[in-house]
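Read from first to last, the chains carry the letters A, B and C; within each, the first residue is number 1.
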């Protein structure tokens, strides 16, 4: 069994933002020389998500509106968590809806994907540098 | 390390529908001859889910009602995504609640499950053929 | 490839409760002698979750309030599932929001975590003994 890991850094400009990281995962897969196995991609932050969906700007706007409705940023006082001095109570909730991680099959040296699957990093408390972990095991 | 993959096809009659695919995963596991490892089962579509829960018709009706409340299909105009000509904006949201994939432990050649765990394919934009990927690695 | 599995038991006093199980996963990892690979941690019950987030009591109270709003326990009659004699229809919904499982990378014999990541068992139909499965594969 071979294994490979890589942490990638992302500069997130906005509080809430989605970035397509598929090519970065493909790059890591290429470096790993693994042909067959499983690839884990996870946010290393607890106010962020890694998820798989469509690379379509309208959909991403829909997600932002929907997540803001399900877990609004304001008023800050609605979250007991914000009593710690944070203002990101909402971000911890949004991340649970969108998920922390994805696991992707590797077959013949490629991400074994359906036609429209793309991997995104979703940030809900951004405006600084963030990290994503890619871990691949296989042969 | 051994690995095995299999794509299964499902004909989904309704827009929203849940199908128990546990026996299909067990079949693939048997074919793989893998006794110990991990099994990934994921939707290959971005308007569908694979999830683990109870095989109880009343619960599935509850899920459908609840998901329709959290992300209604109509009016179509509430989703910017539908401006692309699609009418499945809601389905992309429902899938995020129910999840894309499950990872199941394999021990002694069996799915290592609690008593009531069953694997379902959940479709939110059906009425055509869909694919699920099963990938097993182990020994 | 090596593999290791362990079921841990938890006594849940309340209907809804979150327990930090990170040290139990670290203990299992130590027992496994695996240095590099993947670790699956999943609830063996379908009214419970395993998730990764912050170990902060205020946040956990926020989650409880939020989940109760998204899928209220009462009135029991709002869930068709409760016609089976159960009163846990809500718990099956709460579990889908928080997720069934997490997959964590193992690097150099440690959980490869960001600074604040902690693993929790989340119970939504407690007041009896529950089980969590830890499965580790790697080398």
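We take it that a contact is a pair of C-beta atoms (placed from the backbone, for glycine too) under 8 Å apart; a residue touches a chain by one contact, two chains touch by 3 or more.
The structure presented is a predicted model; accordingly, all values stated were derived computationally and were not measured.
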| item | value |
| --- | --- |
| Superposing rotation of chain A relative to chain B, computed on C-alpha atoms, to nearest 5° | 120 |
| Chain C against chain A, contact positions shared by both copies (same if over half, else different) | different |
| Averaged-CA centre spacing for the pair chain C and chain A, given as whole angstrom | 20 |
| Residue list for chain A, restricted to those that touch at least two other chains | 1, 38, 70, 97, 99, 103, 137 |
| Complex contacts: residues of chain B adjacent to chain A | 1, 3, 5, 38, 40, 42-46, 70-71, 79-84, 89, 92-93, 95-97, 99-101, 103, 131, 133, 135, 137 |
| Chain B partner contacts - residues on chain A that touch it in the complex | 1, 36-38, 51-54, 56, 58-59, 61-63, 66, 70, 97-99, 102-105, 107, 112-117, 137-139 |
